[in-house]
Every structure is written in C-alpha cells, then in structure tokens.
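What follows is a set of structures for review.
Next, two complexes with subunit A in common: one pairs it with subunit B, the other with subunit C.
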Partner chain A sequence: MSVSTAEPGAPEQPPAPTRPPLLHRLVRDPVVISGSVAVLLWGVAALVSPSFADWNQLVTLMTVASFLGVISIGQTLVIIAGGEGIDLSVGATATLSAIVASRFMDGTNDGFLGAVLLALGACCVVGVVNAVGVLAFRVPPLVMTLGMIAVVTGFIRLYTGGRPEGSAAPLLRTLVAGDTVAGIPGVLWLWLGLSVLVVWLLRRSPFGWRLYAVGANRTTAYLSGVNTAAVKFSAYVLSSLFAGVGGLLLLGYSQNVYTSLGTDYMLNSVAAAVIGGTALIGGVGGYLGTVIGAILLTVLDSLLRIMQIGGGEWGDAPRQIIYGLVLVTVLTAYGRQKRLRQ
Partner chain B sequence: MDTPPFLRMSGVRKRYGGVTALAGADFGAEAGSVHAVLGPNGSGKSTLLKVLTGVVRPDAGEVLLEDRRLRPRGPRDTLAAGVSAVYQELSLIEDFSVLDNLVLGVEPTRFGLRDRRAARERALPWLERFAPAFGGRVPAEERVGDLDPGERQVAEICKALVRDPRVLVLDEATASLRRAQVRVLFDVVAELRERGVLILFITHRLAEIRAVCDFATIMRNGRDVTTVAVDETAEGELVELMSGGPAPAAAHPGGAAAGAAETPGSGAAVEAAAPGAAASARSALDGADRADQAHETAPLLEVEELTGDRLDHVSLQVRPGEVLGLGGLQGQGQSELLATLFGARRRLGGSVRLFGRAIRPRSPKQAVREGIAYVPGNRGLQGLALGRPILENFALPSVGRRATLGVALSKRREAAAARAVAERIGTRYGSLDDPVSTLSGGNQQKIVVGKWFPTEPAVVLMDDPAKGIDVGAKAEMFAVVAELAASGAAVVLGSSDDRELVEVCDRVLVLFEGRIVDEVAGDRLTEDTLIASAMHVTDANGAGRPVPEPGEGGPTPQAGADGDADPDGPPRDPGATGRSAGADDSNAARGAESPAGRAEPGPARRAQASTDNGGAA
Partner chain C sequence: MSTPAPTRSPAASPAPTPPGPVAQAAQSVMSARMPTLAVTALLVITLAASIVLQPDFFSAYSLSASFATILPVATIAAAQTIIVLGGGIDLSIGTIVTLASAVSVVLMDGDNSRLPLALAAGLATGAACGLVNGLVVAGLRLQPIVATFATSSVFGGLALLVLPQPGGTASPVLTQGFGMVLAIYIPVPAVLLLALWLAWRLLRRHRFGQYLYAVGGNADAAYTSAVPVSAVRVFSYVAGGTVAALAGIALLADSGAGDPTLGTELTLGSIAALVIGGTRLRGGSGGVGGALVGAIVLSLIQGLVFFAGVPTDAREFVYGCIIIVAIALAGLLTSRNGTRRTAAARGKAGTA
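For the complex of A and B:
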C-alpha cells in the first residue's frame, strides 16, 4: 500500500507513512455517519408507522428530499469555495424562479422553454450580483446573501403585487411528478443525473480541483496560477442557478406558487451540506454527503411528523427543538475527526 | 544522573494519521540550563515540544516536571505549570496592541475588571528589555499588525516571558530575527539561565546552539538519539548524530582548517559541515563551467527599470541554466521583486522580456501561462493546500493541461504525473490521497517545487524556499533546483541565507531598499563579500550597522556587546580573507568559512553532490 520513491540509502528519512485501517476511516467519514443515521431514523419511522416502509411512501420521501438536494448543490459549491462562503439567498432565489416561470407558463405548454430560460436567467442575475458583491466589493458572503433575500423578496412583491399569478405547465408537472421509468418520478431521475454530474464536476474536472484548492487555501491557489475570482464567481452563479432549478421542480410539484415557497430551504440547504461533511471553513466535503444530508433531514422531519410531535397548543415548537437537537448530535460526531498535522 | 531531572519526558508516542511523529522519545533536562533539541525535519522535535506545552496530546508517554506528572489538557494547563512557548507560527492577534497581546490570557484584573495599569507594569519591563530589538523604541501601544515580521517575533518572545516561565520553549524563534534582535534574545536567555529557568531551543543553525546552549539532544525518526554537552562536542559530531551518516566535517578540510586557524572551538567551522551538502546542487553542475557557457547565450529573462511598491528601477538579466541570487539584508525588496515578476504585485513601470518578447503578466495565472513558476517561502500559507490530498497539490498548477477537452480529468493520468514528479524529486509519501499535511516539512517543500515540473517553466522564481527546513532536505531541494536549471530554466532565488546564495547561485545581486546595489559573481562570490556588500550600504544610512555575532565570544553573549556602541566602526573590506569578526552573517550564527575553504570544495563534497544529484549534470 505504501509507496516509497526515495532513493535507497537516503539519509535517515522518517519511516514511510502508513494509512490507518479502512474500518477506522469509515467510522469517521461524515458520509458514512450521516448515511447510517438516516437509515436508522428511517427504520425507527418504519417501526412507528409500518406504512412508512411502503414503496410509495419511500418515493414520496425521496421526492421531497430531491428539492432540498437540488437546491443544496449550489450551497455545497459555495461552501467548498471557502472564504466564509455561504449563500443564504437560495430560498428566495428558488421562489423567484418558480414565480417567474409560473407567470410565463400560465398553465399551458406553449411558453414552456421560454419560461424556464427566463426563470433561470433571473436566477443567474441574482448569482452575479451576489458574486460581484462578495468579490468586487468584499461584502462578507453572509451579509451579501442575506441582503439579497430582502432585495429578491422585495422584487417578487413588486412583480406579483403580492398575489402570484399563473401555474405550472402540464409538461413540467409530468416531468416532476409523473411516472416515467420504473415507477420512479422524473424528478428523482433528474436528481440522480444532477448528482452524478456534480460529483463528477467536483472530483474529475479541473474546475472541481481548483474549487477545493481555492477553498482550502486561496493564496496557494492564486500563486499556483488559478484564477480564484473566476472560480468563486462560478460557484455563486451556479448556486443561484441550481436554486432556480430547485424552484422549478417545486413549482412542478405544487403546481401553484406562493411567496414563501422556498423560505425553508435557506438554512436547510446549509444544514444538508454541513451534515454531509462539507465544512464551513471551505475546501472540505462533497456533494454525495449533501445528498445524504438532504435525505437525513427529510426523514427526520417526516419521522417527527408521523410521531405527531408538535401540533396542538404548542404548534411546531417541540418538533423544531427535537429536529435541532438531532442535528447537533450528528454534527458532534464529526468533531472526533482526526486533527490535521500543522 | 542520580537525582531525577527537572524535566523528564519518557516513552512519548504520537501518530498523525498514517505518520509516526514520535516513536517513544525520552527526554530530560535540568533547570538553569539552555538545552537544544536538534534533528532533521520530520524527526519529531517540534512535536515533542508541543507535547510538553500541551498543544499536542501524546498517544502514550508521560511528562514529569519537578517529579510532578504533567497532564495538560491544553496550553492553559502547561502555562499554569510554568511552561511557556514561542512557536514558529505566530500567535499574536494583529488588531490588538502589543501590550494587550502580551497579557492576553493572563490579564490582571481588579474587581473582575481588566486592570490596565497592572498589565503595563507586568508587560512593560520586558518590552523595555527588548527595546534594542525594536529599534530602540517600546511599542507597547502599537498595533501588532503594524510591526515587521522580526519585531512581531520579538513581541511573541516577550509574550512568553510575561508569563514568568520556569520552562521556556523557543521553537525556531530566531528564524525571522535580525542579528541585533538575536543578540538581545541571547542576552535575555543567559539571564534567565542564571535565574534557574530551563530554556529549550529548537533551531537548524548549529552556530546558534554553539553560542547559547549547554546541552543538545539529538532526535531522529521520532526518537531521541543521544544527549551531549555542547562544549564537549565537535560540530562535526553533532552533524553526524543528526544525519546518522559519517561526519562530513572531516570531509571539508578547507572549512575546518579555517575555523581552527581563527578561534579554535569558536564555532566558526560549525556549519561548514552541514550545509556543505547544500553545495551539491551547484558543484554537481560545475558552476564555473556553466557560468562561462551562460555568458555566451542570450538572456532568457530581461528586466529593465522595473518599479513598483518598494522596487526602485531594478534591472537584471538571467540566462538559461543560470541561477541568479537576490541577496542583501532581509526585506529590501527581494520578495517584492519576485512577486512583481510573477504578476502577484502591481508593476508601476519598466519592462520585462522573456525570450526577447515583452510580457506583462497581471496575475499569476498569466505569468504561469508565459512559463514562469513561483516557489514561495511560507509553504503552509502560500505553497500548499494543507488539508487537500498530495495528488491535488501536485496537480494544481497544471491540472487544466492534462484534462481531456479541458474538462475531464483521469485519476490515473493525474496519479501517473504526480508519481513521476515525486520520483524525480525523491518525495516519500504513504498514499497520494493522504492530505499533504501528513508529510514532513522537507517533503512538503519538495512538493511546492515539484508541482511546477509539469508546466515546464522557463523561469523559476523562488522566494526563500529553504526557510525552516533541515540541511538534508535543503540539499535535496536545491538538487531539484539545479535539475531545473540544467534543463535550461532560468532560476531567480531570493534568500535570507548568504551561505545558501554562495553555494547555489552563479551570480548574486545585492538589494537595498528596493535597489540593486551590487552584483557579486565569480571569485568575489563569498559569504563575506555578500555580508560586506549588504552592510556597506546600510552603514551609509546609519542603520543596522554591523554588530558582532552573538556567538563570537563563546557561550556568553554579552561578550560582544560593546561592538554595538561603536557607530564609527569601519566598513569591512570585502576582500578580507579569513574569518571577519564583525561581518557576521545575517542569521547571526551560521559561522563562517574562509574564502579559501569555499573556493576549493572538499572532494567529499563533490562526491556527495554527484550522488545527491543523481547524474542530473
């Protein structure tokens, strides 16, 4: 396993480093931890309510997870790119995309392509503004994207007059919710396709390698001839773009839009990425973890709902408390990851 | 020893991931002594001291201080036990004043509130003691961010001293200090020793050990090899213990003789042995021949009247295969010149021609495309993405070039490219997928150089690339540099180490305040000339005038103190032969070798050079 390339007889090198055993590494891998927790929660849910284990229930669960999963793609990229990178505007951007698309589709297939392009174009504008603010004006990403929420929400109110119009094109509805292949709705195939693409992008494209390098050490990347600004710019624009795609999928699923459609995704997208092992310091993580994180969050939410925790006079409060505690517990396990040698 | 020692560490083990840093090291030291911990990079000396200070928790082993077991859960506990450390990485908060930094964590309080007056009383004496190191001022209220690197390091030392340590750990604390600062530090160290403080000292500079240390513990491969009394041990012996090889000192008759002729046992010949290995790069290529050839070929890189921030009309030419040095005192624009050439700093005027064609890189990316490579001095902050795999660090500058259609990478192709380079530069690693942070410092630095190989650079700019790596790794790294030069690249090397410049470069330009003030080549290229050249100019400006080397009078640093009070000291004659007392090198203690010794490298050095170089010449 260990490769030594030093010439024989080299004076007193330290012993060739050996790697810890596979099992050891696995139990500390965030993807493995969060995957196990997700399966565990799903098992508990299936025990509480046997119908939870039905195929249809599973498909519904995954469909709900897919919206979060797609919106979290960009979030993952932005966080990996480092420099306190975070995009809180993904929720508002998803709403914007759904509202623009629904208005131009207006329940028919006629303007489908145009509406999709227009919606995604609007999202890209949001991404560009985010990127320019962060890169050119050096606004901290947290503040910049938080500000963008207000701007986008305000724009939506102006644009719709508070009452969004139109509805999803039948084509979009079929694409998202209709049975396409093997009884699995289109949205899941799309999510699978996007996942493969993003994982490939991160692991096997120069952009991905540069993204990690920029996130891990921006100065090093810059001095190695990487255009760090371009890499970060791409991350922010892609973040808004994928948020827009997520908004379109939400539109296809719910068919009608409302102005708080994407609000919940703001922090859940960050949680999905972080639970999946993407570190907020940047340069660490990957999209596979985010997929698992999105599924974990969705299973947890469903479990708390079927256990009928909350409701009644307390409202959502008990559910939120338990939800938060479980997240913190899972994240605590990551604190045990090996320390880097300095 | 009959009585148990003041400090005892036994059976200390520590693994980082797949790398064993400490494999059961034992260590003992007495109060009221200065104890050096020596060893090549990766030998575990830093880790050992981090275990002592509580920064690193050992996997096994125990630490006894005055027979009481120390079980630190962090630096706070060891501080309470009286162990205070100065690390290579600075731990000051830039936006705080020096005073606030000094008392950080030990702020005196009054009725639960911070008591600034008590804080001043506590910290000010140390700042005043070190005033000569701050250029005569007491920067108590200055922002740490406004201090220069050397002053910051001094502030860091003061911070450790404010805690009234019984054990003071100095981990490469002299690396960024100027001579005068080192001298003050050594004075203080001597005072502390009198007061019964144990001082643990890590350095790569043997002559510094000669100057202040009583004992030295040599480490190798995560174990302690032996502990010796410094004044009873020849330098060559120390080097031999460190490297585990035969004593190279004996192989350098020139250097050894010069040292002996001067002040026997003064440490003059100390490092003749160790960095002799670094000479390999140059000797192997037979510098003289190469320089002769170089004069006939057209220059590869031509810089004319380059100006910028801290650069004042710099003109230079480098020929293919030539290694051009940038010398002078530290911080005279060497780094700025390299960064400007690399497009990382703004150019305000002048022209740069590469292969006769004018280039104007506005970013490192454009410079890389033109065929320029840059090796920064601070590998952790500028050279590597420490948490990322070795493979990605190797690939970073060239990753786009191997991608199919510019978008698709093949892991196998990337690994093959990285492995090819690793083999050429002799890097040891467990797996290419391990984080680069698991490697030792020397191996990390080789990756910082090696990652440029696939871009086939025409010009390699190096900004003090050997800072803080041990002599063996240094020699290997400069062998890599020599290989680049041999393949026709032009190398520009900035260095704070005059010895390194003499050994590696064909020609050295001396900078002062952003200007080139001298060019040293051929027979004139000796450490003494370089020092004199840098000092001569400084003298005219009345700052940083030559001061005697701390090690000059043996272990008592005060011996040379009067030299400081002599502002009219004549400038050194650059041509003076033999050991020149005042012309101490910039690192205060590297000792000196006579020009004669330098001009005729011992046969063993040549032999070693050719093996190191693997026939690159």
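For the complex of A and C:
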C-alpha cells in the first residue's frame, strides 16, 4: 500500500506540510474507492431488478452484510496488530458459537443469557489458544488459526455427533429478523453500535493507539513501553469473541444450525478487511473500510444472484468465477504493494 | 522413503551475491537444521507407532495403499513449498489440483489411447493457473493471500464447469499402473515420490532454485543483486501450479474418478505439511524434502487415529489436536518469527 489514510502526509517534508489536494487524496482513499464500487454495483443491481432498490430489499441486504461485518471486526483488529496477523479460524468459531448456543437455547427464552455467555466463553477459549500458539509457541498466525479450524470442527463433531440439535431462542430471532426500531431491525442497530464502538476504540482509545503501534513496528512499540504481547493477545481473543457474536446473529437469522454455517466467512472476512484498505502487513487501515468492504462483497454476491448467473444447467460455477474476477479487479484498484525499485 | 538430507546453503556455489544474502543464507541453514531433525524424529515416532498398532503395516498391500494416499498429499505440499520458498503463498492450490484433475478425467474418459493428451492437458491447465496467480501477485503486486483467495474462486468455478459432479472415469492404464508393486516391496507411488524429491534436488541446484531462496529470504537484497525478482515469483507460481497438476493426476490415478469439490481441504493440508516439515512461512528457508516428510507424517497420524480405536465422532478432534501440537513444536523450533531481532540475538536463536 503506497497510500493510506492512517499516515496522512507521511511522505511529505516536515517543514512544508502541504498535503496532496483533497480530490487527489479522495481518489486514492480505499474507503472512498470501495464505497463507490459498492454504490455502483448496487445501482447496476437496481437497474437489473427494480425491486432491488426497495427499502425491504435494502434492509435484507444490510442484514446479510451485518454478519460478515461483525465477524470481520476481529479480523480487522488481528490484521492491524501485525506480525503477519490473520485469523482464519473465525468461520469455525462462528459455527461453534451458534451450535453451543442453539443447544442451550433449544427454542426457548429461558436459558438465553446463559446460552449466550456459554457460547461466547467457548469462543474466548479458541481465541486464547490461538493467542498462546502465536505468542508463546511462535507459530505463524496463518498456520495456527488454520490448525485451530481442524480442532474446532473436530470438537463440533464430537460435541454434536454430526447432528446439531436445538434452535434459536425467539428473542434472538426477534433481534435479527423481527421487530424494528424506525423500520430498521435490531441487528443493524447492533452493528451500528459495534461499529461506532470499534471505530472509537481504534482511533481515540489508548488500546487503539497501541494496536497500531504494535502493528506498524513491534520493536519501537516495545521500546516505547507498550506491552506488545498483551495487545496481541487481546486482539486474538477479541477476534474469536466477535466471530462468536457473528455466529449468534447467524443463528438468529437461519434459526437452525448446520456444521458449515460459518465456513464461507473464513476468507471473506479477510477480503472485506483488505478491500476496506487494511493492509495485511499490519498497522494500516481501520474498521470503517471493513464495513464498506463487507457491504461491497454482499452487494456483489446478491447482484450475481439476481442476475441469475448460476443456477440452471451451469450450477454455481459462473457466479464463483465472476466473484473472483471482480475481487481481483477491486483489489487492483488500490490494494497493491510497493514496487521494489524505489 | 525419503529422509531429507541436511539443507545446503543456497549461496554456497559461486553465485554473484554480496555478503548480505550470503550471511542470511548461512543463518537460514543454521535454523533449518533443527526442524529437519524434528521432522525426522516425528517420522520415526509415527512410523514406530504405526508398526505397533498395525501388525501388517509392512505387507505389500498395506504399503502400496499407504503410499497411494500419501503421494497426492505430498505432491501438493511440495507445490505449496516451492511457492512459499519464493515468498508467496497459494490458497488456490487445492482448486488448481481439482481443476487439473477434472480436465484430465473429462478428456481421458476411460480411454487408454487418450491418456497422453489428457495428461498433457492437465499439466498445461496447472501451469496456466500458476501463470495467472504469478501475474496477479508479481505483475499486479496484490497481496498473495487475498489474490490467490480470489483466483481460487475462479479456478473452483471452472472446475465445477468442467466436471459439475464428482465422477468421470480415469483410463485403466493409469489406475492399474499406479497400483502396481515393483520388486515385491516397492509400490509405484513410492518410486514417484522419490522421483519428485530428485526433481526438487535438481531444481535446487539450478540457478532458479537459488534465486527462489534469495527472493524469499529478502526480495530487496535479491533485487539489488540483479536477481530477476518478478520473473522468479512468476516462475515459482507456474512451477507450483504444474506440480499441483501432477498431484491432481495422482489423485485421479488413486481414486479412479474426479471430484471438483475437494479444493479447500487440500490447501489447508498442504500448508500444515510444509510447516511441520520446517519450511518458514515467510519464505527463503526450508525445502521440499521436509514438506514430503511432513505430508507422510500427517497421513501416518491420520491412520494412527483410525487404528488406535478412537471413537468415530472423536477422530477429527483428536487428529486436530495432534496436528496443533505438531505445529506448535515445529513453531518452537523454526521460531525466529515476530520481532526483528538484532544479528546477535538471531545468531543465538539459530544455534539454540
């Protein structure tokens, strides 16, 4: 990433703080680019199928995007924390949380709080194991979280015997798909609240500053008195925790669980963060971009579905192909690394 | 059975490299030795346990069956290692395997006379996919993890187009040849595994093999030393894609039919195998030999969990836990990750 929002004016000379013109900065800003692409895709979708522009459709779209958005919160934190940080176990963790919660809720509101706490507790355990592997055993995060997928799916198999039981509590269903406040379902308010919280956390809180410091340069952060291990540890635990919250929301939406519930979120959460301008090298990016990235990916997926690409005799194949091609195109717009010759 | 020879310095021969990379290469040798020892120890332990738990482990039939399942996994791990050594990573490798095997099985369609054509087409498919990945990563300069995730969606979709459902018939010559046992005790897949390792040794001696380590170790230093960095990166993806296609063909020969849906699982297995084999995920250190042994260890563990009488529902969990422990051990030994330490601290870590 040669240009980023997180280091404004960094390449400039200190005595002459003339930043590049506003327009120029906007054109190179990942958040602006992916936001425009998302709006563009949404416009195309509305042209193809006018009902796509309906308020209800929009709300549904945003609801679907919110699952990816919430799961990507933790992914963004882990990536910003640097050291090749990445959490591939978010999909499996989300499934785990949904499965534990559904068994304890079992379609009633009685054990709601207990079930939620238990599910999130299980997710925290996953996060702690990830963090210990990465920090104490020095396993590269990609490999550690990859290995945890095998452990978590294995545990799910052991726990359920291959047949997940139970269903979502009515309360959870109401939150995700039911009653609305000002025409917007609770899950979107929740996402909005979490987004404001996370953006505040990253930009205005000491934890956020430390996170960027550790991600940008661990040694300098350490020498400046930041407890780098604690920061990274909390990033991994938060990642699993938010994956668990995402899993609960998914449970409320689908009402029943299956063992591949969260699988698709594993790499899509990384893609959402990267599309939003969070660089995998760490220390760069933010959650606002990830929100836009999650919306973009969801709009793209729905667009391909309503254009009825896929289905019929070709099956799912053309949609997958186009999805990949668009992803490469969007990434090419700005997600590029530095040239060697500089 | 191929045990990895102690890794030799890639810069030992008179290549025109300045002292920086040479010193680094020397250090990477220091760190590579411990993982090599560790994976050998793991191999010995799992082998011993297998022999104890499976009384007829050394029967011709059992050996042939083990090697037939090991070869595809090991080949994919080898492909991933070539890419990782060059400083990249390929999350699309599993879908390349399935796409190449789908193309081959559709073209051969159970007919022996079309075998050469089908094999050539499969390999060409793998090389083409690798070229696409290489161009996207080195040409467009996208981050390898997300870029290859995007292309994996494309390749997986293409595999579904070519072969919508698991099926197809491999040509009989291929499957029969694969199942043969030479000289009583040596199954054909074992010979192929050895051939793969020899091919790697050959590549490693070649200039490009050394460039691979140079680029993976420090791309900037390699660039200033006149190594064609972009070309080497593209080459690593093309080579990886071609080897992945070989794995696809091996998979086809083993099972006799194609399956377009295996993708992700194969990718994850390949990364686990190479890490257990002592290859550093950042590139520039490790080797295919270790990855092959890592893949053998993984398959043996899978067999062990089965033969140790673990209940069906618990098998996956136990397997996952063993893999995490193996990875953590490998991580401790490969270490040197995280902070950029000073040269002195690095030297200490290397000799520890």
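Heads up, the rule we're going with is that the second predicted complex is superposed on the first by the 317 of 342 C-alpha atoms of A that agree within 3 Å, B and C clash if a C-alpha of one lies under 4 Å from a C-alpha of the other, contacts with A are read in each partner's own complex, and residues count from 1 in each chain.
In this text, contacts are C-beta pairs under 8 Å (C-beta built on N, C-alpha and C of every residue); 3 or more make two chains touch, one makes a residue touch a chain.
Model, not experiment: these values are computed from the prediction.
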First, second, both or neither for A:284, with subunit B first and subunit C second: first
Partner chain in contact with A:212 - subunit B first, subunit C second, else both or neither: first
Which of subunit B and subunit C A:223 touches, first, second, both or neither: first
Touched subunit A residues, subunit B compared with subunit C: C
First (subunit B), second (subunit C), both or neither touched by A:84: second
Touched partner set for A:56, first subunit B, second subunit C, both or neither: neither
Partner chain(s) touched by A:270 [first = subunit B, second = subunit C, both, neither]: second
Touched partner set for A:318, first subunit B, second subunit C, both or neither: second
Interface residues of subunit A shared between complexes with subunit B and subunit C: 219, 222, 338-341
Complex contacts: residues of subunit B adjacent to subunit A: 16-21, 23, 40, 42-44, 89, 220-222, 243-245, 342, 344, 363-365, 367-369, 374, 376, 380-388, 392-393, 395-397, 399-400, 403, 406-411, 419, 422-423, 426-432, 434-435, 437-440, 451, 455, 472, 614
Contact set on subunit A toward subunit C in their complex: 83-84, 86, 129, 133, 137-140, 142-144, 146-155, 157-158, 161-162, 218-219, 222, 267, 270-271, 274, 279-280, 314-321, 323-325, 327-328, 331-332, 335-341
Subunit B-facing residues of subunit A, complex: 1-7, 10-20, 204-207, 209-210, 212-213, 216-217, 219-227, 283-284, 338-342
Subunit C to subunit A touching residues, read off their complex: 89, 91, 136, 140-143, 145-147, 149-158, 160-161, 164, 219-220, 223, 229, 268, 271-272, 275, 281-282, 313-321, 323-324, 327-328, 330-332, 334-340
